[in-house]
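Read the structure below first, then the notes.
Note that the chains are named A, B, C, D, E and F in the order they appear, and that numbering of residues resets to 1 at the start of each chain.
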Amino acid sequence: MRAHGRGPAALRPISLEPGFAKHAEGSCLVRFGDTHVLCTASVDGRVPPFLRDKGRGWVTAEYGMLPRATHTRGDREAARGKQSGRTQEIQRLIGRSLRAVIDLEKLGERQIKIDCDVLQADGGTRTASITGAYVALWLACDWLVRKGEIAAVPLTSEVAAVSCGIVGGRSLLDLDYVEDSGAEADANFVLTGTGGIVEIQGTAEAAPFTEGQFGELMDLAKQGIGRLVAMQRSVLGLY
Amino acid sequence: MRAHGRGPAALRPISLEPGFAKHAEGSCLVRFGDTHVLCTASVDGRVPPFLRDKGRGWVTAEYGMLPRATHTRGDREAARGKQSGRTQEIQRLIGRSLRAVIDLEKLGERQIKIDCDVLQADGGTRTASITGAYVALWLACDWLVRKGEIAAVPLTSEVAAVSCGIVGGRSLLDLDYVEDSGAEADANFVLTGTGGIVEIQGTAEAAPFTEGQFGELMDLAKQGIGRLVAMQRSVLGLY
Amino acid sequence: MRAHGRGPAALRPISLEPGFAKHAEGSCLVRFGDTHVLCTASVDGRVPPFLRDKGRGWVTAEYGMLPRATHTRGDREAARGKQSGRTQEIQRLIGRSLRAVIDLEKLGERQIKIDCDVLQADGGTRTASITGAYVALWLACDWLVRKGEIAAVPLTSEVAAVSCGIVGGRSLLDLDYVEDSGAEADANFVLTGTGGIVEIQGTAEAAPFTEGQFGELMDLAKQGIGRLVAMQRSVLGLY
Amino acid sequence: MRAHGRGPAALRPISLEPGFAKHAEGSCLVRFGDTHVLCTASVDGRVPPFLRDKGRGWVTAEYGMLPRATHTRGDREAARGKQSGRTQEIQRLIGRSLRAVIDLEKLGERQIKIDCDVLQADGGTRTASITGAYVALWLACDWLVRKGEIAAVPLTSEVAAVSCGIVGGRSLLDLDYVEDSGAEADANFVLTGTGGIVEIQGTAEAAPFTEGQFGELMDLAKQGIGRLVAMQRSVLGLY
Amino acid sequence: MRAHGRGPAALRPISLEPGFAKHAEGSCLVRFGDTHVLCTASVDGRVPPFLRDKGRGWVTAEYGMLPRATHTRGDREAARGKQSGRTQEIQRLIGRSLRAVIDLEKLGERQIKIDCDVLQADGGTRTASITGAYVALWLACDWLVRKGEIAAVPLTSEVAAVSCGIVGGRSLLDLDYVEDSGAEADANFVLTGTGGIVEIQGTAEAAPFTEGQFGELMDLAKQGIGRLVAMQRSVLGLY
Amino acid sequence: MRAHGRGPAALRPISLEPGFAKHAEGSCLVRFGDTHVLCTASVDGRVPPFLRDKGRGWVTAEYGMLPRATHTRGDREAARGKQSGRTQEIQRLIGRSLRAVIDLEKLGERQIKIDCDVLQADGGTRTASITGAYVALWLACDWLVRKGEIAAVPLTSEVAAVSCGIVGGRSLLDLDYVEDSGAEADANFVLTGTGGIVEIQGTAEAAPFTEGQFGELMDLAKQGIGRLVAMQRSVLGLY
């Protein structure tokens, strides 16, 4: 039995709280159970050097975790003076996932910087980050629309993410920390609102796994992401 | 007239929310108006090298600000690879302030690490941090008492902090960001529950100020800190 | 038509040259067409701190690229003072892939450090690295066997990797740099000699792709990796 | 009895040696007893980016200590690769103190960089630095006047600094290292030639102290700084 | 007797393999016995800031060693986050040596960046690097000539380098690692094709050595460099 | 004519001021004309890890320059976060030079750390540093003798250094900054009191130079160092 009586294909309790941060052009506090991530989207009038004068925009992301978001306190990356490989891997994933659903030409020559900061961690921080960041990004685009800077929100689809894994031989959706620690394999799926694949990352933690098992995980992910996308649409008032 | 109709000697709306963070031994979300700081206290069984085998404990603090806590997005210190001078100055202040009210021998050979992370900033982040960190520290000590590791909470007094400043020639308590930006002088006071001075930092932003003005600021601080300490006692159930 | 008349399911010319480096316990110069990577395996008597006195070993990997391995010279990471996110992502992937096929208990309390240094790059450096690193790792294990330190090579299977991608709507195996730059999607597969999945990473570069397309890529990968594993076995004299 | 028969309100032997450094536009070797600091002022034609094209100048300061300035050798900050929090705090204080007495518009669009390097330390290095830096700054301004670049020295007042502390229950002026190490409280005062407050920093080292004690320290500081300012005027030939 | 029956004035087997790297404008794999260094020359259209708009070019060099080039694995400098003093010393030497034989005005306002990466080390990596880098530099200049960007190769002479040392009281040419480790003194000579001195570095490893011994080392170096220059000319087709 | 009427073989006015620093076990302020370097020697009871429990000591050196020691202000290395290649090269040279004249076994298992900090620079800072550091080292050894920790000063000879160069075709001793900037070649010589060679570094700044010219420089160096050694002996009271 999973914690809180969840079945194998059940998500944890999810909430998306748009507008959580007072100053940001877009923001969302996302909760996947006890994993809480504050996502903000900041509009910046300048693009990175490699995009200057090309008429296109950019979306980039940074990720961080408060030192005591976890069971035992971790080092503060700012104090240690560098970001871990894990942090860099996650923030690159968030940025790629969001760029897959935005029309950078329609965004125009400006940059939107996404910050995903984990206030509390219980597994699945990268998938919660992507799911919440989409909401923050939509709101920042909408802010640009309302200011008259662009004609319409230049997002081509929703994007959301969820983890799945094989735990004790069973395929499970949306692993929490305890499940993730004991998983034989886990995979993160980033899919669009129409079921397109944006990113897949699957890793054997112990023995290699089979193509059949991988198919089960993908089926779970498609179900879970369908529900997450519905929630995104709902909190943004789009239906 | 100050924002929200505040008088010169009025604090902003204050809230202290103990136990905000699930994993930490002690935690408090402190709000001074729109300044919101998450303070956690983490118990660590090891002391720093200079204190090994001396039978005394230690309290240290780290401070950070989410990149979009402010009106315009700031650099992420972890990405830039170093903490700013301002960050280091603040975290040293928080640590000193807390160590002034704890009996390190009674704490025993263990360390309590305080993290103050600013989720949203509107002036006074260092004073809110100290005020909230005291609550987190008390709770972590109480956790040690309840585990039977120490006999009693080894805190000798409450400690709280507030900023004051001279704005447009008037002495004001608890400056918000707009007031702080336009202040002729500002000062941060860290006082104990019994009115003892732990730390005073006063700075002329424009022309030097007078001893009489400094006296006015200290009087405001004593009033404000009296009220903050009463709130600390109240949320901790100590009265 | 692909460069050099390759069909969609053809690998580039592959070579594996074991023992390329004089000093290392195991080494292999791997060539996937014009991508050349020198892989070495160094045996270290000490394990990382988190594994001390647990009777288990560890395998870790580092990855680098000579500044002029590429079409235009890149920064030297040692001169810039930090490794890029891409570098860290790749070296974490190599380490995980190798640890998936080694019995760390049978390796005993020692560490094998893999270095993959790209002498020349033309796409697919991470997959060539994994494929060559397996050979270097096997040789280092064999060196331990010949020295009498362990009873048998503690590898549970071969592991090899290849990239696939969708280019101009067609699914192709083993992309070179030009193909990779223009791909609509690409994916890296790390599979064992018996077809088990160790790692899958698929990314949409432009529009999201479909599950059907993903299936095509996986089929190509299984064919390609089958051939790579046969070459690994051959150069190691295992058949 | 204090070292060398000093009374509680006596400064250590003070000397200010203008022009100590051959190359700098302004310089002063300041000695507060055995604390020796070389202060230089370097004129730079460019201002920092945030001040470009605003017609105003800037004054900034850096602080350092030779590794063997102290009783036991400290790490060289350049070798360790970063400045300590203490160093950053002090150099920020020096910069703020000097900017409080300069008319940045009259200085014009140029920057004066102050370097305070402690050759030998015996307590009070930050207060000696401020006191000597004022002399170096004045000389650099005078150099600009003599070159015809500005009409007059744009300093609005002298500024000097001294530490005070409570040691063994007594309030003392200008603590040396031994006194500072044993102080119950210490405070640094930065005052102008006309007694205006530029900066106050008071810290309880052990138990909190009282407002009355703080008043005693401020009275001592006013006396001491009056004498330091007279010496500054004297060595600059201003009376 | 020296390894492989070498006499005191014999070089190790030397090879120079021009064009080893596919992408670089000039390249050479140089082997001094078991010391193998890949040298590349990259043409960059921009000069460093201090040379802008002066009509002159620049040549600079970077040096690195693969972690397992040596008998025991060394730290990867990119992972450690900084280059060692030894690395910096060597790359400065390579740059100076090459600049001594190039007419920077005839090169025009462009920069040639030399990378010397040690694939395998057995003593004398800096002298092999200089010798191979000259070939790579010549080829990059020739590439500019063939592209019509400059009229002729702007090199004023060949430059090559060799180490000599006193081992067991005997003066030896071109030390390998074992000889170098046991040398009483060693010296690196960088000479031109016409015998001019570009750089001399001599160091006593144990007791100081005499002027007479130094003379012997210089005589050996002149002989060795004469042979190296002949090989450079030969592989470049210049005779 | 050279500045101050110096002949080609004349040193600048030299002074050696032992005991300049109050806290260090040994110290010397050395002046070669307007080049002033403060050298300190600090005794440390621990040796570096590679020498633990071998019964031998170690001497190491660090070098720094105050930011405004030079004509125009340089970056502070501690602020920039790393030491330049030049700094590292010089401090390695100082350490090697001193280790060449000390019997590390007689020093016993302790380390002496030399700090050479340039207060004012006018050419020849590295040679002045070595010359002054020898005096500081001798004094620190003598301090150990006087404390009864070692039987005698374990130095086997004096060591001193001087630069020479070819300026306008003439060979000159002890170059100042202006001469050094215009030199066709320069060389630094580190010799013992008995004329043994410890280190030679010669560099062509423009065209290569000849063996005959190099011989002239060495002759000048031998004369100059003879005089420096006599001064070292004199200030140490050894004759």
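Criterion: a contact is a pair of C-beta atoms (placed from the backbone, for glycine too) under 8 Å apart; a residue touches a chain by one contact, two chains touch by 3 or more.
Note that the structure is predicted; figures quoted are calculated from it, not measured.
Colleague: Quick one: which chain's Cα centre is the longest way from chain A's?
Modeller: Farthest from chain A by mean C-alpha position: F.
Colleague: Using CA atom averages as chain centres, what separation in Å is found between chain A and chain F?
Modeller: 59
Colleague: Report, in whole Å, the distance between the mean C-alpha point of chain C and the mean C-alpha point of chain E.
Modeller: 33
Colleague: Just curious, how far off is chain E from chain A if you go by their C-alpha centres, in Å?
Modeller: 51
Colleague: Going by the touch rule set out above, which residues of chain B reach two or more other chains?
Modeller: Within chain B, the residues that touch at least two other chains are 81-82.
Colleague: Draw the chains as points, connect those that touch, then say whether the picture is a line, ring, star, complete or other.
Modeller: Graph shape, chains as nodes and touching pairs as edges: a ring.
Colleague: Under that contact definition the chains make a ring. Starting at chain E and heading to chain F next, list them in order.
Modeller: E, F, D, B, A, C
Colleague: Which of the residues in chain F end up touching chain E in this complex?
Modeller: Listed in rising order, the residues are 82, 85-86, 88-89, 91-92, 96, 100-101, 157, 185, 187, 191-192, 194-204, 207-211, 213-214, 218.
Colleague: Going by the contact rule at the top, pick out the chain B residues touching chain A in the complex.
Modeller: 21-24, 27, 34, 38, 40, 42, 44, 62, 64, 66-73, 76-79, 81-83, 87, 113, 115, 117, 119-120, 122
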